[in-house]
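What follows is a short report on a single structure.
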Amino acid sequence: MKKGLKIATIGGGSSYTPELIEGFIKCYDELPVSEIWLVDIEEGWEKLNIVGNLAKRMIRKAGLPIDVHLTLDRRAALKDADFVTTQLRVGLLDARVKDERIPLKYGVLGQETNGPGGLFKGLRTIPVILDICKDMEELCPNAWLINFTNPAGMVTEAVLRYSNIDKVVGLCNVPIGMERAVADLLEVEHSRVRIDFAGLNHMVYGLDIYLDGVSVKDRVIEMVTNIENGSTVKNIQGISWEPEFLKALNAIPCYYHNYYYKSREAFEQIRKDAETEGTRAEVVHKLEKELFELYKDPNLDIKPPQLEKRGGAHYSDAAVRLISSIYNDKRDIQPVNTRNNGAIASIPSDSAVEISCIITKDGPKPIAMGDLPFPVRGLVQQIKSFERVAAEAAVTGDRNLAILALTINPLVASDSLAKQIVDEMINAHRKYLPQFFN
Amino acid sequence: MKKGLKIATIGGGSSYTPELIEGFIKCYDELPVSEIWLVDIEEGWEKLNIVGNLAKRMIRKAGLPIDVHLTLDRRAALKDADFVTTQLRVGLLDARVKDERIPLKYGVLGQETNGPGGLFKGLRTIPVILDICKDMEELCPNAWLINFTNPAGMVTEAVLRYSNIDKVVGLCNVPIGMERAVADLLEVEHSRVRIDFAGLNHMVYGLDIYLDGVSVKDRVIEMVTNIENGSTVKNIQGISWEPEFLKALNAIPCYYHNYYYKSREAFEQIRKDAETEGTRAEVVHKLEKELFELYKDPNLDIKPPQLEKRGGAHYSDAAVRLISSIYNDKRDIQPVNTRNNGAIASIPSDSAVEISCIITKDGPKPIAMGDLPFPVRGLVQQIKSFERVAAEAAVTGDRNLAILALTINPLVASDSLAKQIVDEMINAHRKYLPQFFN
Amino acid sequence: MKKGLKIATIGGGSSYTPELIEGFIKCYDELPVSEIWLVDIEEGWEKLNIVGNLAKRMIRKAGLPIDVHLTLDRRAALKDADFVTTQLRVGLLDARVKDERIPLKYGVLGQETNGPGGLFKGLRTIPVILDICKDMEELCPNAWLINFTNPAGMVTEAVLRYSNIDKVVGLCNVPIGMERAVADLLEVEHSRVRIDFAGLNHMVYGLDIYLDGVSVKDRVIEMVTNIENGSTVKNIQGISWEPEFLKALNAIPCYYHNYYYKSREAFEQIRKDAETEGTRAEVVHKLEKELFELYKDPNLDIKPPQLEKRGGAHYSDAAVRLISSIYNDKRDIQPVNTRNNGAIASIPSDSAVEISCIITKDGPKPIAMGDLPFPVRGLVQQIKSFERVAAEAAVTGDRNLAILALTINPLVASDSLAKQIVDEMINAHRKYLPQFFN
Amino acid sequence: MKKGLKIATIGGGSSYTPELIEGFIKCYDELPVSEIWLVDIEEGWEKLNIVGNLAKRMIRKAGLPIDVHLTLDRRAALKDADFVTTQLRVGLLDARVKDERIPLKYGVLGQETNGPGGLFKGLRTIPVILDICKDMEELCPNAWLINFTNPAGMVTEAVLRYSNIDKVVGLCNVPIGMERAVADLLEVEHSRVRIDFAGLNHMVYGLDIYLDGVSVKDRVIEMVTNIENGSTVKNIQGISWEPEFLKALNAIPCYYHNYYYKSREAFEQIRKDAETEGTRAEVVHKLEKELFELYKDPNLDIKPPQLEKRGGAHYSDAAVRLISSIYNDKRDIQPVNTRNNGAIASIPSDSAVEISCIITKDGPKPIAMGDLPFPVRGLVQQIKSFERVAAEAAVTGDRNLAILALTINPLVASDSLAKQIVDEMINAHRKYLPQFFN
């Protein structure tokens, strides 16, 4: 008889792993994990050992009967797994630096989800994920694939469209962060706030906001736009939207919407940051180095607080909360990336969306939202089109499709620029894009 | 008994009027027009007289029993009209200069249909058109409203949504120009070519191209993208799309798509033109001055060839072809702006689209196209959203909606910029925007 | 400050009321009701007193601080109510006898929801419900309307379409009965079973069945169709579907589907019953008489077990469970009648459907089901069409629409028959159908 | 070089063939047919010769250079054909007699399109048609398949869903007959009348009626329902709909709607006819015998007028009109069975519908009708569901699906009856249903 749950974490050498381990420790009472397999590739062996040993120390300290396995053998890890989590990064941070630096030369945001950076991260990642899916079909056909890897929307779309794995959920910490930010704004417990989320990954809107089940959307919009009376509350998650815009929109954009609704300001900020402190990948690179130095300390047996600065806070919350709700058939509401199924009328029923769902043992069931407010339908559909064309390019290795994907992306919006960027980036990443070099 | 058709042309003092008159003369055999009422406003009285007298001379020369009336009394013109054509320009070319110049200061295209220029042209024009509709309900409830006034898509949307006039068609010469360009490319008669058009005004795509009823889309795309063999044929209507983009798109964009698929290049060109030869409105202003000098010549009794340079070539063809097909229940295929009715699945059924239609006495009946290719659905929906928000702003005078409209417009894509541009432009056009100053 | 919840029960003299009272007593800990107003009309005063006094005795026995008010003043009852429940019967059981007897003469089922009986019950009931809605707008605009009155789907459709009350839920005990029947079949606790319900009132399908979150639909279908091995388990809720039909359908019909999938057998059974034991209304009439005799007993202070035979078992469960989930923002899953909102693709988004929903303080949020299996889409749409035409007939008093409604109803399927039945029934019910006699 | 068009007519020995030949003769000027291959099976060799020789005499008399080939070699006939017409009858009229007689025993209409008869005709016919499609892919991949064989809607659905042939059109004479009947009613030329048709084969509605392009629907409905003033005009095509029903429906049903909107009357009529003059197949059998006696006459060289009684009048008109419009890229409007493509919103985009189309060389392009009036959407979707389940049963030989198809058919509406009928009919037709006996 099976003694407990087996978790396989692909990209186990990630600096995030202590987050996840902490999550499993906290939730052990309701989620009886017995094995965690941290998998990585040859190049990641050293990091896997550092972070894996920390994981073992954390679990030992918690006094829990969870075995942690460190391995390069992905198939052994997948064998009979109950949940597979993916947090891999093809090409490591070096590739991300290119994703960010190359577009900047062309005056374009090199964003790791929806822009050219996202396109190329998708082109590198999707074939690997689809390969994992094939292994899963064989080795753990009943397992759930919980994907954290960005671009999470594009990856979920690709799995739904090009693999036989139905049990896939894409996960992001943006919505949960929005709910927490609103709770802070209202000065109430997070659990009392619920947002109706609908859209795509990194393009999700809060359609309505409830406090104890009663809509407070108008009040929240009033609070974040009321600058006349000297209110110090000015924003959700650091973005100061123009009050007129927000009131007319009558929905809450997410942090990443600044690339589309503050396109020039966002570009300027990121260009300036790149010139001063470095791109995000470069900053993260430094942070990770420091983190791994900490992780090496054989006396460290907790998640070090410095990890929070790494970004991705609440990922452990989100991930373990999701896994536990599936395992326990909790039927609670969580925003995840899943098959639309008609929940958003203007997005095709078979496409991935990010949406508030009931989480059951049978997976997420999206809440029917009717449709997005019409002022935002176009942009959301545009990014969905970008994701679909990009996913098809990733699978086929068709350079024309990659150029089309960038041309229709609002951050580029030029076929000539798209062509130049694609050509330079395909070349820069050629090691990880074999499908384009057949 | 009625002796023939009565046409009321609002904005009759336009320099285009001789085009229209020539059209009616050419088609007289199948379209028995007996009265043409050219209406204009006080400020246009002089121009109305100049162009109106030319119209009278043209008809006299043709020897046709058509009465031309020049009037400032719109209601008298509308009374019992069979067709009402609108070619008015609220604020005249001076307003258009502002539509173009102000956005340029902010680094944004001041385009007269889909950009900030289009927004403000819509805000000025829609209330006037809706006022005409109210008069039509009373004075000529069975008449057809044939609108040439830009932004034609936004105006048609507004009439469908905010008036009781169902018999409205928006007309543009872009699709017919594309068909002619393809016919030239193929070196065949225009009548042998048919394009399946679908999209919006100034955002229409050729989904397929037929020569004598047989698809030649692949051949046309091959011709316009084949640069390797030194082909001199490189474009349709002056745009050289990147071959990779066009092949992956597998549809034919229109001229105005360069604002979205060559956004930077288009902006640079227009900025440069504005600095050298002046904006389009300034160029047109000069052209019109020259035209009116010609029109004054009492010996001139034909449409002067110089009018062709004015742009809007084929408008008379398009307009009179449409009116004649309605009047004669011709059931031929023409691309016009009308209620979608499900012809394009991803656009709401009750929205205006530009689409190939069968033209019957009962009006245009759109051909069911299934859906737009998914790579373009998002952009089209985005501009549709822009048009709808803009139309609502025009009717309500809600400044927040005007700011939202510009923010979601891909040519602006910034709420702060949108706010600045809207505020400067509302002020610049305040005379024509009473709805914003209540 | 408000001390507790106020419930207004229209049709409070119903024999069901003890069910409801028992429900409120059981749930008092989580649902602090302080006032229950039982409203009825003049003719119901005696029954209201009998059942109302029993209600008072039940509450006294439970020792709870709930005030029970008996009144003919509907407006006083509605004033500041938190929940309004409707269990009224316009024309009482006498009218139902006519609803059943008249169609039988024409060889047609006189069914109280979807057939001619349902049509006429709707025609009598909808104007009264819409009148209550108008009062609610004025007197308790924040209250929820929980409608138990049949035809519940048609009534919900009418409220959504013809009133300003958005906070309406239609409730039926059929789905909960199906879940219980499946739990019994599987020999497990009801709480471990969950069915994905989708369809219309009295036309709902179980699209999937979960035991502890894992699909057991195939197993259930196997169990109910496996007659070869002498299984004694042959049906869900008394209907033995043909195994071939059920396997091909691959979904679970509800009890009332026998009118459509066993139309002749169902008619014969009901005709025979009418001849022997009387129609359902006649049987119920006798049961009610007996019940009211029991209710009169001043020593009775519990719900008498004989009430269960009355039908409508679990209504109290369903109703109080729903009210408590709304009040407590429980976010649990319950099948109710609400606005579709895209949850079932082939039913218009603005129509009422019966569907599994998350119940929040903001009301039910339907789970996006994609679409109904295509073999059943037509029938469901047909009954939806019947409900919509019937609701329009109820509001307008248009006899032609009533005839159309019956003609398109599959139980009638004849325009001549429809006309005869409508004419006889309009006349028979003329007292309660003033809208048809203006 | 090709000298003219090659037509292959499968089921060439049909008594209808002279109709078709007459059509080709009349249209020769615009449709230069050079070869007509009449194909039949072994059992039909004698009839093929009789009718084929008549065809040769007709063409000789017309003095046209058309070669008529009589053959049992289907592949030779298909080789390089331009148009393939199918008018085959698997199992001949004997099978149709069973289709009609067996259901009657169960009190069910044995209708040759939408009822049990239609199901079994479909089960026999679809595999043969799909086999022809496979041959066409190989032998004449550019040919159009023009199917007259009933059930035409189900066959078209099957070809669209289960073959690689896109160039398929299903043809029926019902709509053209409705237009003629309306023209007669209005006492005008047929060409001046146009009906907007939408629905399915033998379930098509006239959504609007135009005389010279102007809607006269209200007038037509008034004419056919005005019985008060002693009008002698009482019906379209022999059906007297109840005035109340027709006015509320506000659309024109077709002849076959009497099976659904006069279900009992229609059944009684057909049962009575079967008892007196015999079923339709039996009547036709006699007519055909007489026709073939006439056809044998070596002096006969025209279509004999007696053929008109056979039913299917105007088929030649319809068929040749369609072929000519395709060949000549006429772009005229004709009602045919084709892929919906969004023209009717509530029917799936990829399903076959019968709808007014523009006929181009590229095939029929449906006119976007928005949606069917909501009172009829359900019935149409129900028959579409029946057609789809039936087509799947035909392809898979799944008896459960055949039983499901009949159960959801409104003419049966009973799973037990469906099972009995299916079992008896599968057995009766076993020779032609090999897919059910593997």
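Letters A, B, C and D mark the chains as written, and numbering starts fresh at 1 in each.
As a working rule, contacts are C-beta pairs under 8 Å (C-beta built on N, C-alpha and C of every residue); 3 or more make two chains touch, one makes a residue touch a chain.
The structure displayed is predicted, hence computed values, not measured ones.
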### Message
Just to be sure I understand the contacts, which chains border both chain D and chain B?
### Response
none
### Task
Check the residue numbers that chain A and chain B use where they touch, and answer same if over half are used by both copies, otherwise different.
same
#### Entry: Averaged-CA centre spacing for the pair chain D and chain A, given as whole angstrom
55
### Task
Determine the centre-to-centre distance between chain A and chain C, using the mean Cα coordinates as centres, and give it in whole Å.
44
### Pairwise chain contacts under the document criterion
A-B, A-C, B-D, C-D
### Summary
In the complex, the residues of chain C that touch chain D are 107, 241-242, 244-245, 247-249, 260-265, 346, 348, 374-386, 388-389, 398-401, 403-404, 407-408, 410, 413-419
### Message
Applying the document's contact rule, which stretches of chain A touch chain C when the two form their complex?
### Response
194, 208, 210, 212-215, 329, 331-333, 340-345, 349, 358, 360-362, 365-371
